[in-house]
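The following pair of complexes shares a single chain, chain A, combined with chain B in the former and chain C in the latter.
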Partner chain A sequence: MITNKQILKILDEKQDTFYKGKQNYVGKYVGQRVPRVDAYEKVTGRLKFGADVELPNQLISRLKRSTHAHAKITRLDTSKAEALPGVVTVATGKEFNGLTGCYLNDSHVYAIDRVLWVGDIVAAVAAETAEIAEKAVELIEIEYEDMTPVFDAIEAMKPDAPLLHPNLGSYKWLKGFLFPKPGTNIANHFKLRKGDVEKGFAEADYIFEDTLSVPMVQHTPMESHACVVQVEAGNQVEMWACTQGPFLVRQMISDAFNIPLNKIRVHTTGVGGGFGAKLIAKNELYAIPLALKSHRPVKMAFNRSEEFLNTFVRQGLIMKMKTGVKKNGKMVARKIECIWDGGAFCDYGVSIARSGGYASAGPYDVENLWIDSYCVYTNKPSGGAYRGFGVPEAATVEEQQIDMIAERLGIPATEMRRINFYHEGDTHATGMKLHSVGCEECLDKVTTMLEKTPLKPKEGKLYGAGQAHVHKFTAHTVAASAVLKINEDNSILLYHAVSEIGQGSQTVMQQIVSEVLDVPIDQIQSVKADTHFTPYAWQTAASKATFFDGNACKYAAENAKKQLIELAAIRFDVPQEDVEFGGGKLWPKGKPESAQNFAQVSMGGSFPKAVFGHGIFTVEDGSGLDEQTGQGNRCSAFWMFGGQGAEVYVDTETGEVELARMVACHDVGTVINPTTAEGQLEGSVAQGLGIAMFEEMHFDEKGKLLNDSFTDYHLPTTLDMPLIETDFAVNSPHKEGPYGAKGMGEPALGPTAAAIANAVYNACGVRLFALPLTSERVWKALKDKEVQK
Partner chain B sequence: MKISLTVNGLKVEREVSPHMTLLDFLREDLRLTGTKEGCGEAECGACTVILDETAVPSCVVLAVEANGKSVLTVEGLEKDGELDRLQEEFIARGAVQCGFCTPGMLMTSKALLMKNAHPTEEEIRLALSGNLCRCTGYKKIVEAVSAAAAE
Partner chain C sequence: MNKLSEFDYYEPATLAEAYDLLEKFGTEAKVLAGGTDMLVMNKKSAFAKVEKSDCNVHNRLIADTCATTTEVKRVYDLKNVINLKKIKPILNEIAVKGDKLTIGALATMTQINLNESVKKHFPALAAAAGRMGSPLVRNIATMGGNVANSSPAGETLFVLLALEAKVLVGGKAGNRTIDINDFFVHVGKNSLKPGEIILAFELESTGSCNAYKRFSPRHSMDLVVVGVCANLWMDGKVCKKANIGLGAVAITPIHAVSAEKYLVGKELTDDVIKEAAKLAAGDAKPISDIRASAEYRTHLVEVLTKRTIKEALA
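Up next is the complex of A and B:
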């Protein structure tokens, strides 16, 4: 068996030849293994995360949560809680009944008359100490009148299903982007129609139809949500929060409490993992009324159970997929129905139904497509963005179907993928022209990695290998902006609003700026996102930061460089084209001895001019999609591609699956930092293996979550981890990306679970039509197979 | 109750409630917020500190249990402006992503190396198996600990 050491050696050798003769850009800083700029404050424990912030005189808050899945609140009495010494204030939905959201404003802060899931917030308490706040929560009296709940998304779509949001039609939503169906539980119905799907099926040699499902899972960032907020005179809200979306948090606070944006200031603290869970305001919303009422700072830090129930979960998915193929494996038609179990608020899930829907046919050029994707309300915790935004869920179904079809046709699954893959210049399912398409290179590299050093058989276990491949969209017309200041001492301040959530963006942004200005990374200091001071950025989401904000930082640096050259030309009294620029200095052509640094050029002498570079970026030709056909010009600024291969051993006695090795190759355009890029892939393997093999939120028949702790919700540990080998495509940089870069956080998780499921089938012939592949389920399927024989 | 203990080499004497956890004592009373809370029930390792020679989850240790003992937290790893070898390797090998698990990972690893200067990869994985990380996939963390032990 190949050891980790040998793999490391292979990797080292590979790194040396990584870029030779390839198209991806490699510069002095870009493409280099630069150590993370935020690592020092993290290894010393100095970085302040959400819960580490403390303001003088701050109160501690606790939440009263619903014990019923769907019920009218017939009595809510907080008087005993309020009377408890040490309690400063209690807030409920009676006083604070605004709705808010990101795409669809369907979310209440505290329950208004009605609770929608077990865990819904009914009231919040702020007190001098945690103990007092906890006691006060117990003193809040609530009486409920049960209403019929609905937990199953398919049931919830039926015409006679109980309605979670009878006022859906009156909510505010992004018109033209979402298509809610008022009077039903359907929060969005996305449609894609391309070609003539029935004609395609008629022309097909074979038609296959499969239905698979994936359950709700939780992000479980190691850091739970936490914030501290204070409200100063004149309703000026100031907040410190561990968020991926400070500007979105600001927007949602504004919507919920009717406060103008310029009176809300959100500072981003260290963020201990996000994965989508920290995009929108949650605890931030629950805290505001307490601060408004108490006029004191309030800390609202979630415990682990609240993290499970009161943030986002990944929506469940039931996906039906009908595929028509020719004998050689060429797909001619695919008809897909995705039903997303969106939980009580579908505010963000609606967008996943849309994009997860349009990406659900995979990275394949299929002439005839028909996709319906529904986001459905159920009385469960709210679904929302989770690394991959629908792609890993849909790929779990779609990529298993590719393997199933290939087997039934008697052709290798790799070949089936290859003949269907998108290529440069192809038209995507959504109508956009594709550029920077690296799926074939990823397939080649994954296959080579698997075949070059396959694992050896193990006594008494069945060995199997399998692959899966995905494509992943990003955002289109969102804004990113950056500002760069040169200080009097020649140090540089870089302002952008990307949250450093562990992905390494702060380092990547500084590498890009260093590359433009030819200065060492540590000459630059990034400023943490702060809605009053850092320029606007949409969110740290959709794997868009490197491309969008990276471009904004690049433009800001180029803008500063231009200003410096103009100033140097005056200072040196030469034409601009005779100013040389390099190594962080400028000099008149032929006179390197007169070189001056940026501060000298801008601030020195008798005409100081502060240099202040700015950059803004968006995709000009980005577009929405037609309501009826799901067609548009450019629904995603770029597409990322990637594939992974899994090798497993299955113990037929116990059903236990051992994931022995994962290999991954992704097309992310130019890799700005190979170390952080590998880190994204390695982390996704851990997350994907958890999702494939043991993660699932279990609810009882009354909708109560049974595993809201790490005792009951098992996460992968060091002992579960396989050998991991990673690589990147090097032949498809993006012409608009900064130095050719695209993005990578989300696609990293895209194929993992599907690859593992395909490997398990390859090993033991068991195909489970639901995740996770627990030993128990695999064992049972193996037994059933024996019986059938 | 009054307790007296050594924290990162400094003598500390404080009045604490008998129910207070060592984690809360460190974070709230001493404002040493480098030690993190991930679960509060000994399941994630984020709160790991070294009590005398042993790595413990400080969320389930009472402050009074540390009376008369010595506590080492992540803030105590750096000596005279010099990082501990483990900290250096974590930086060099990209073992840090969001950094929330990092203090706990460092303290568990430190306790391991104090007992076993040259652990095998298996021993490192076993020692770290109670420390959850959601970002890194553990690979670079295990590599960093191996590298720090190789000296």
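Up next is the complex of A and C:
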């Protein structure tokens, strides 16, 4: 047993060696193991989450959900529900028929005349108690006329497939960014064409072709979606929600109900995990009609089944990958087709088809590329953003194929990767010039961690280790802004719209501001996002908060510092260049005894000036991608790189895979907070392990989800967790990032499943191009292999 | 999952009181032993509409709706919950008398897992009790509840089958003993008569060696996909008698009858164990569901039977 003291010692040593002689920035606050500023309220249970918000006189709501996958609603009678004592109001799609969405407005609030999946919402009830609302839902009478459903994305692409959205052509979407195909189920077709792929294949010594299928999985945040909304006089909507995207929620409410943005106020509560599921308005939309009709506050807190069926799921993926390679391991051509099983609404999934598509060839410089990526409607729950945005899914075939090629060529897989990796200054598949490329360092560190202390063999089990490496994009032209106020007592308020969803952003933003102003972290208080008061930010998504919002916070602090220096120059009656700044104080050069703190400088004396720093950030040379070629100037503000190594034991009799150790090294630029960064990696291993080995949404032949609870939707428990070792690249800080930082939430999940799959192959010779790697699948593959012998 | 139904709750202080309540409420009574199945089933239960023809007090106020009221009830409803935990003397004792071990119906999984006598004579049962659910569940789930629930995947059921447990049941008409082999009738159905409850389990230690193994995707908080318990009476290297209990591979927990027969009188070499495991797989009649295919379950019976026999002998 390791004692706490020993652990602390290990942590200390780790901290010491962390940046030894490296290029990543380490300052007084940035790069330091600062305790999380939200830890205390979380561990003491004091943080208020979505469902904790209670308003006087509030109603409880429940949803009536469809039992049919694709059907016309021929009769909808809510009278018995409305007659039940305690029911205040019932709302349906006939009354509220606006469409909304993130990139593509294809989403209804409640089904208008057709239901699109088992679980689609037909009506909502608000009542005095949950019990009454639950009963009322059962009293709603619906008759359906079945239409042909389509559950398989490949089937859905066929010309004669039933159409989920016959009016696709009339929907509003982000033009130039998405390319929907009206008259089909294709919500987006992304194309990337680079070089001459057929010429590349002709020049190749070997060609490999593989197909992967990944099922729909759900984010399963610990806290399910919850909100409370009230509508005040003049249709002023005020909402409290556990969201990752308060401004997007506001936008979607505005689109759906035709309410101007300045009449919608969204407050962010504590958020108990998001992983993408809480980016857009879901329950927030469904609650509003009830509040509009009842004139009373309405709470809508989802149960786990609603979490599975009525929020987001990770889209399924069927991916074909053909690679041409030279004898020395250099890849010369890759042709890829991604078909994303987008579910009933593809309003966010369209963007995954795009970015997941352009990243699908992995962190490798391949001269000739041809990528088609389709987001396809099916009669299933809606797909959307999930940590990794397509990268972990695509990596599962892409990174296994690298290992296969290396084996066939007789070179180590590490060498195969090294030969093909991107380097600083290379041109990315999308035409963008790459800067801050740390994949090689990650490969070296992962390899060293694996080889230094390999695990011992276990009796009766086969041992194997394997690696996988990814690159991950972020957003490009999105805005981030921040405001910083110095209070009369010298305390500081920091306003930015990044939701603290467990990733540690609140701490990171405060560290950045502390570094600029040279004040202790606890002198700063972050304000939870509130769309009426916090300056605009896009979403807490795409691993972009540290880079975009971190820069906005940095600029806000620098702006405040500039104002303070100007004021100090007046107060001290010296030129600005003679004002010294440090330790949270200002003083005239050579007179440290006259130092004043920020409040004294700004608010003191006879001419008080409230200092109010502001910062805005975006990437100015960001660009879209050409419709025909997928080429552009800068489709992503930066790229993150990273690799992981898995060590597994396989029980060949049962097919059981035990993930024994996972090592991870990621290039995230400067690490603002090593402790929270390690936490991100450890969390991603847990999540990746679940996706790799357990998680799959099972549907029956009529489209009903069979495992919409944790009884049969398995997540790893602490007992399933492997040993974890983490490290970071230190030689590739980003010149535009705050102190060189990039992002890290998503790439951490990227290689996990693929690394496990490669380790399983190396242990027992079984190659599985389907997730999850259940014991039964491994056993069957072992049996088939035996038969083939 | 919805909220718990509203129900009337009773805490009888004696068995006689409990029997009276059971008689009074008949099919509208539910017995609370631990609650880890019953309360969850109620919360998960779907609602069903029941047309009501009579006018109750509430509806008399609205005369015209009186005749057409539709009531919404849970399919698995709770009307009268009778908690057995306050009965004196308390029903959770684990007592040893000679070769006989009596485990009270309300003994929790944790109690059974930690009991020295159970660990010594029936390590298979101690292990099963220590593996079920999570620590939180094991602290309140009882073996009486587990057996009365009669799920074919019940963690202790196939173990009790192999260990030849006797089920002591009580009711207004008096006590009786049911052989565990006669107890389970179908999925969720058993031979308890209306008004009867399980009082205790009796196990006899007769020098057998036993072991238990189960398969499930996760290392904890998971249902049994396949469970095997081997209980062997050995004379040196020769097997005198064998019980192999199988869980989650039929509508009730079952004996692997042909494997048991095959083992008797044989020296338990690797080959013999292998053959017995094959026969056990043939005895299993599993279904395919999202937890596993019938084919895989059958295969797991073979692997686990082999391993369980070896562990019992070790």
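Assume the second predicted complex is superposed on the first by the 775 of 789 C-alpha atoms of A that agree within 3 Å, B and C clash if a C-alpha of one lies under 4 Å from a C-alpha of the other, contacts with A are read in each partner's own complex, and residues count from 1 in each chain.
Just so it is clear, a residue touches a chain if its C-beta (ideal position, glycine included) is under 8 Å from a C-beta of that chain, and two chains touch if they have at least 3 such contacts.
These numbers come from a predicted model, not from an experiment.
Of the two partner chains placed by superposition, chain B and chain C are both touched by A:Arg304.
Of the two partner chains placed by the overlay, neither chain B nor chain C lies in contact with A:Asp146. Look at A:Val271: by the touch rule set out above, it reaches chain B but stays clear of chain C. In the superposition on chain A, contact is made by A:Thr717 with both chain B and chain C.
In the superposition on chain A, A:Val43 makes contact with chain B only, while chain C stays out of contact range. Applying the stated contact rule after C-alpha superposition, one finds that A:Glu209 touches neither chain B nor chain C. By the touch criterion defined above, A:Pro221 lies against chain B but remains apart from chain C after alignment on the C-alpha atoms of chain A. Contact with chain B, but none with chain C, is seen for A:Asp52 once the two complexes are overlaid on the shared chain. In the superposition on chain A, contact is made by A:Lys80 with chain C only, not with chain B. Judged by the number of chain A residues each one touches, B leads among chain B and chain C.
The interface of chain A with chain B overlaps its interface with chain C at residues 303-304, 709, 711, 717, 719. Taken in their complex, chain C has these residues touching chain A: 1-3, 6, 44, 47-49, 58, 65, 70, 72, 215, 217-223, 290-293, 296, 299-300, 303. Residues of chain A touching chain B in their complex: 4, 8, 33, 35-36, 38-49, 51-52, 54, 219-224, 270-275, 303-304, 501-504, 675-676, 678-679, 681-687, 709-711, 715, 717-719, 721, 724. Of all the residues in chain A, the ones that touch chain C in their complex are 80, 83, 85, 130-131, 134-135, 137-139, 303-305, 653-654, 693-694, 698, 706-707, 709, 711-712, 714, 716-717, 719-720, 774-776, 779-780. The part of chain B that touches chain A in the complex is made up of residues 27, 31-41, 43-44, 46, 73-75, 77-78, 83, 87, 90-94, 96-103, 106, 121, 124-126, 128-143.
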